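There are structures below to look over.
Each of the next two complexes has chain A plus one other chain: chain B in the first, chain C in the second.
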Partner chain A sequence: MSQRQVLLVFEQYQKARTEFVQTVAELSTRPQNIETLQATGVMQLLRPLLLDVVPTVQQTAALALGRLANYNDDLAEAVVKSDILPQLVYSLAEQNRFYKKAAAFVLRAVAKHSPQLAQTVVDCGALDALVICLEEFDPGVKEAAAWALGYIARHNDELAQAVVDAGAVPLLVLCIQEPELSLKRIAASALSDICKHSPELAQTVVDAGAIAHLAQMILNPDSKLKRQVLSAFAQISKHSVELAELVVEAEIFPAVLTCLKDSHEVVIKNTATLIREIAKHTPELCQLIMNAGGVAAVVDYIGDTKGNVRLPGIMMLGYVAAHSETLAMAVIVSKGVNQLAIILSDEQEDHIKAATVWALGQIGRHTPEHAKAIAVSNVLPKLLQSYISPDSSEDLQTKSKKALKNILQKCVYLPALEPLLQEAPPNILKHVVAQYSKVLPNDPSARRMFVTSGGLKKIQEIRAEPGSALQEHIQEINKCFPEEIVRYYSPGYSEALLQRVEGFKPSTEMQTS
Partner chain B sequence: MEDLFKLQQEADEQRIAEYNAALKIQAWFRGNRIRKYMRFLHDTAAKIQSTFRMFTTRKRYYVKVKEALVQRKEAEAHKAAAKIQKIWRGYYTRKYIHNYYARRNYLLAVEERNIEIREQLARFAQNQKEIKEREERMKFEEEKILLARKHHYMMSTYQQNGVFASPWFPNTGFEDLISQVPPLSKEERKNLMKPVKSEGLEKNSPRELPPLKNVIQPKQQGPFRDPTICCVLAYNPTITPVIMLPVITHQYT
Partner chain C sequence: MSLYLSYGKLLIDQLDLAITQKYEEAERFRRTEHLAACKLQKWWKKILLKLKDRKRTRASTMVLGFMRKVVSTKKVELIENHKKTMKLRKQYGKHVTPLQALWRGYYSRKTIMDFYKRKALLEAVVKKNEETRSHLHKMHNLQLRMERWRRHSYMANARKSIHFLISTRAREGIPENVIEKTAEEAAALKRKKRHTVEPLVIVQPLPSPRRYKNYVPPDDIECFGPFRRKESVIEQKNRPLEPTLRVSTSYNITERERKKDKQESWIKCIQKPMKFATASSKCTNYDRTLWGHTEYNPRDFCNKTIRYESQCKNKLPFISQVPVIPLFDRLGKSYAERSKLIK
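For the complex of A and B:
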């Protein structure tokens, strides 16, 4: 009987431990409980339970610790300070798969908050253990390990390099080929986090053969997976021309354009970022995108979406147009200018407007044809508005001014210049007047329009310092017209006429026959 | 005497006149002769000078003619070279540097490609939407059928109209659906009501505490239901206790 009683005591203790650990694990899912738990010093209590005899208790204790550390970085610091990490890392090598999953969860929860915490995780030798976990059979373990590695590599260059040095990259590439969807997602996200820091890291990932496998996954219907894959491609191709060419050689165009029609905004945004990073580098890559119909797809997408999602698309159009004038003309042909004009009137955010304005400047600065295409879509007054308006940010104002200047220096389409003549400040006005002084000497019908539309009147009213370029242009324009007309429109002429009327003595003699 | 004087005076005057006349004639003749001689000298000198000048000038002239010829040939060569270069530059620029027709064709091709791609993408988007809609509709149908199977016991009988066939409410067709689909069998119902088995690590159902394993429970004294059954009942009252009877070993002292 006494034996039974002794056993009963131990059973009760075991039951108590299990209950405690399971309740703590459940409570730590709710944020409002966590402060209370922290106040009661739950960390110290959970630590010895990690070494418990019963495996369920160990696993649930690890799970509870992971959830606590996940919540905020004070708790993660507490986990680190309580010296739990070396124990976890040691047991990562030994225990069964549930424990490995829980331990990897704790490591990930600690590493996600800041680079210093991630560095402590790395210093405990977690990387080797995690990489060993990546070779396991169970996909859940692989997923947890890949997630932890991804969070470690996310913070900065050295940590990503440490992850790569531990030999994680080939294993992650193997993980991508696994059939489980969640594992693919996490592995793709981890590769994307590694690639984003530097060209060498991206090159390492590419050398492991990641591009071919990632390219196959672009057509997968799952949106979260597509999002990670596209982000990985964008991070790889942003560093250098060779990497971008490698990405393009994987034949992602035109399949990747279908991702622009996805239902999730993040997928669309990542696709646009990818196309933008590729288009940044050389005109040949832009031409490739153009030939695949990418520009039309991007123009449609920026028309369909709103807000920050369309920013990469706008920048992409700017980069394409900046390379050469044929590409800029092709952007115009793809109805890019109309779309950008619509965006300029619709959007409220200043940074998106600034990007639109910059893109328009890049399109219009090449030749008079381009400038005419921009002027015809009635964009110049809007550019002027964004330059003058006091609510525009500094950035928007500088960009509008530059874009206006670039476009005006090539614009010879006079009907579009007239509204600017009325409203522009002096530094823009001098460009407008310069353009008039180029066109008017040669074109008589334009001269007539100029007079009838009140442009000549406005020119006379401009006060310019003698000797400045503005004055020279005004004089050139005045030379195109007869003397009387110029005098007629000069300010104060009506005054002068009335004075003459006052001074005139009518002849009082009546002519008698 | 006066006549002699007059005659002598006349003869004197005559003599003087004749003398002057002779002087004039001689002066004129001498002058002529010398002038002629001077003229002769000037002519000879001129002829000598002219021959000499012709000789020297011809030499210089030939040199100049040669130079002029060389220069004219050079000028022709320059013009010819300029014409060749002009033709070549025009050709080269039009073909390789700024080929207007190639550029125009390229832009036309870009436009066509754009139209193609826009059509393709529109079709793709339409496809996706249709697939999604279809899936949603199918899910909805399946849920309806499952509901009908679950509520089999609400079917109306000969004696009593069921809830879904009440004469005071419009016919929604649910009653017919119930009579058409087979009811759930015992195993299916148990499978439906079984809690989702999770390993308890990532996905957590907070309302259900995981079952206690490896625990020996003493039987409570008194008319109490088994605690596990109570736990399940508290969270899922549609189960009748007949269905859920976990096997628990009791240890008696």
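For the complex of A and C:
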């Protein structure tokens, strides 16, 4: 056999291997083929191809493995059980950039499913290799490595701490400064996943100088980048006052408010989440947001959006109002109460209604002026309805009851209390009656109104236990009116009168005359 | 004898008895006296005590009376002062109370809760909210316009780039294609153009690409920069268009190129660094051989003239790149000397 014929055989074999691995990689992009591939034992066939002489075959085999592992956790476990990970980790240090990208993709695909699989990836020593990849020249390799690190850190604080201990944070901060947009996105996402677990991890990211670089990207036109940056900021500021102040010192306000008008819902939601996490800490931070016009921007945003997207905005208004009466008045003046009332009537989801009800309670609990602003918007009957309705969840009922109680204890606007007198259950009624007992002794026109509107009649119909607080309040109200009127409106008075008429005997003198 | 003894004993016993009786009597008497004396003493002490008490009581009564007098006068004074004060207060109250109310209101507004400041703050908040809303509205409109412009430019570029694949006709706004029109098409275009309204401002029309078919730049124009030859320019202009979707490079191009590179590297590489068993295969530090003066050292970073000059100036004797051999050092020999000897 000539040399040429011998070489031909090897060429054919190489061609067959290449074709096989490329076809498998192509087939694994479609979900319907995955089970068939798994049944045919594709893992065992692909494993030796990772050590193939031809670099293309190695890279394509790694790519195919990554696509298979990405599909579900069973396949990812199969990858782990086949002892493929150590080979991949070793190759990360030795091979070219194409192979590194594919290997990092496989590690990411395995780590994303569960903390146990991510721990297996860490135990194989992948972290050091991935961190070295972050120093590579090729942005694609850096992106793949950052993505894998982010997916590992996402699960719990121990894994995130392991990523930090491997020295990934300063390199991720450097990746953010790179010109490639996709790399910036992935690096910001990885930092966000690290920060979210604990204040110490967030502090580590802050100490690496991430805030200044992230702040520059808030006004980037790319929506995907913005959403990751805003998410990172929210995860940093949620832990403590100091971290929130550091974020605010990066002068993100008022620039971040423009993100509330973005066309992508996730960007808007993340912006609102960031503002909420800053506002919940101290009144000074709320004041800062208010001075930047943040309250009005949030009120507009909750009016323009629907569903879960508006939830962080509703909570933000509640947090702002909870701190002090001035801030609550600022929310009222920014037309927040009207918007919240609309949401309460339009929304179907119970958890959003519960948040709205809670926010209204925080606004109205401070002074009679605040309670009046809530009452004037005709919110009290809706709150009562949320409390009474059997379709409402337990959380919604609890929050509605608390909010009603807080508002009613300050409300002296009697026209808003009348509807509640008719429908409220006893535990709410006692607060309504208590307010009437405070106002009626000092206001004659209110007393007249109370009689003409049927309130006095309703009060007499209430059956209160003797000695209870409700009974005392009813008695105090009755003292404000003449006895005849009280008796006139008491139940069964007409019957008693008629009985008296029946029992009446005219006198004899009148008969004789 | 025994009788006397017994009698003596009897007498003694009787004596003893009498003595004992006397002692008991005396004891009784003593006791009675003692008790009487005690009684008398008690009675006397009582009297004495009463006398003392009387004195003390009188003294204390006097003192107490004095103190009570003092206290009651003080009390009376206080009550009278209080009455006077209340009288004065009642008298002046209607004038002083408004002043106090004024001061207390001012003080509480200044320190506890400044309602005017709060009012001003809320007005400023309302104003700021309006500004923020209008600014955000403008930004939103700007973003929408930018989105629309980006989309429009993307579509226009896409249209331009796929124009030659999907159509052989000229479209408005897209440059005229280089495919030659038939005479009939050209006449039809002319007839179409005749019916169009001519613009008021007469702009000199651009020459059609066909006029540049045989265009040759004149010789007298000097072209500065990296321009190609004129003939190759003309050749490219006149080349017929062959649009195709087939990719010109093959699937295995990267492998082939790598193989080729590898083969050529063996050819191009004149000298490989010599490896010895003692040297480690990995991570050898690159030692620059700039100052190694042999014919085989690569000189990537200086040009020929400098190399030649430096060779002439600094012609040092042969310096081996091989690690030092201790035997040679001991004998004081070197390769240069050896080569001289051989010659």
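In the analysis below, the second predicted complex is superposed on the first by the 503 of 513 C-alpha atoms of A that agree within 3 Å, B and C clash if a C-alpha of one lies under 4 Å from a C-alpha of the other, contacts with A are read in each partner's own complex, and residues count from 1 in each chain.
As a convention for this text, a residue touches a chain if its C-beta (ideal position, glycine included) is under 8 Å from a C-beta of that chain, and two chains touch if they have at least 3 such contacts.
Predicted model, so just to flag it, every value in this text is computed and none were measured.
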In the superposition on chain A, see if there is space for chain B and chain C together, and answer fit or clash.
clash
Output check: A:19 vs chain B and chain C. Expected answer is one of first, second, both, neither. What do you get?
first
With the two complexes superposed on chain A, say which partner A:4 touches: chain B (first), chain C (second), both, or neither.
first
Output check: A:36 vs chain B and chain C. Expected answer is one of first, second, both, neither. What do you get?
neither
Chain C versus chain B, contacts on chain A by residue:
B
State whether A:308 touches chain B only (first), chain C only (second), both chains, or neither.
neither
Is A:334 touching the first partner chain B, the second partner chain C, both, or neither of them?
both
Between chain B and chain C, whom does A:378 touch in the aligned arrangement: first, second, both, or neither?
neither
Pick from 25-33, 133-141 or 223-231: which stretch of chain B gets in the way of chain C?
133-141
Same chain A residues contacting chain B and chain C, which ones?
54, 56, 254, 257-258, 260-263, 290-293, 295-297, 300, 326, 329-330, 333-334
Residue positions on chain B within touch of chain A in the complex are 103, 106-107, 110-111, 113-118, 120-121, 124-125, 128, 132, 199-202, 204, 206, 209-210, 212-216, 253
Note: in the complex, chain C contacts chain A through residues 118, 121-122, 125-126, 128-133, 136, 139-140, 143-144, 146-147, 254-255, 258
Report the residues of chain A in contact with chain C in the complex, numbered from low to high.
54-56, 221, 254, 257-258, 260-263, 290-297, 300, 326, 329-330, 333-334
Quick check on the complex: what are the chain A residues that touch chain B?
1, 4, 8, 11, 14-15, 18-19, 22-23, 25-26, 29-30, 54, 56, 59-60, 63, 98, 101-102, 105, 140, 254, 257-258, 260-263, 290-293, 295-297, 300, 326, 329-330, 333-334
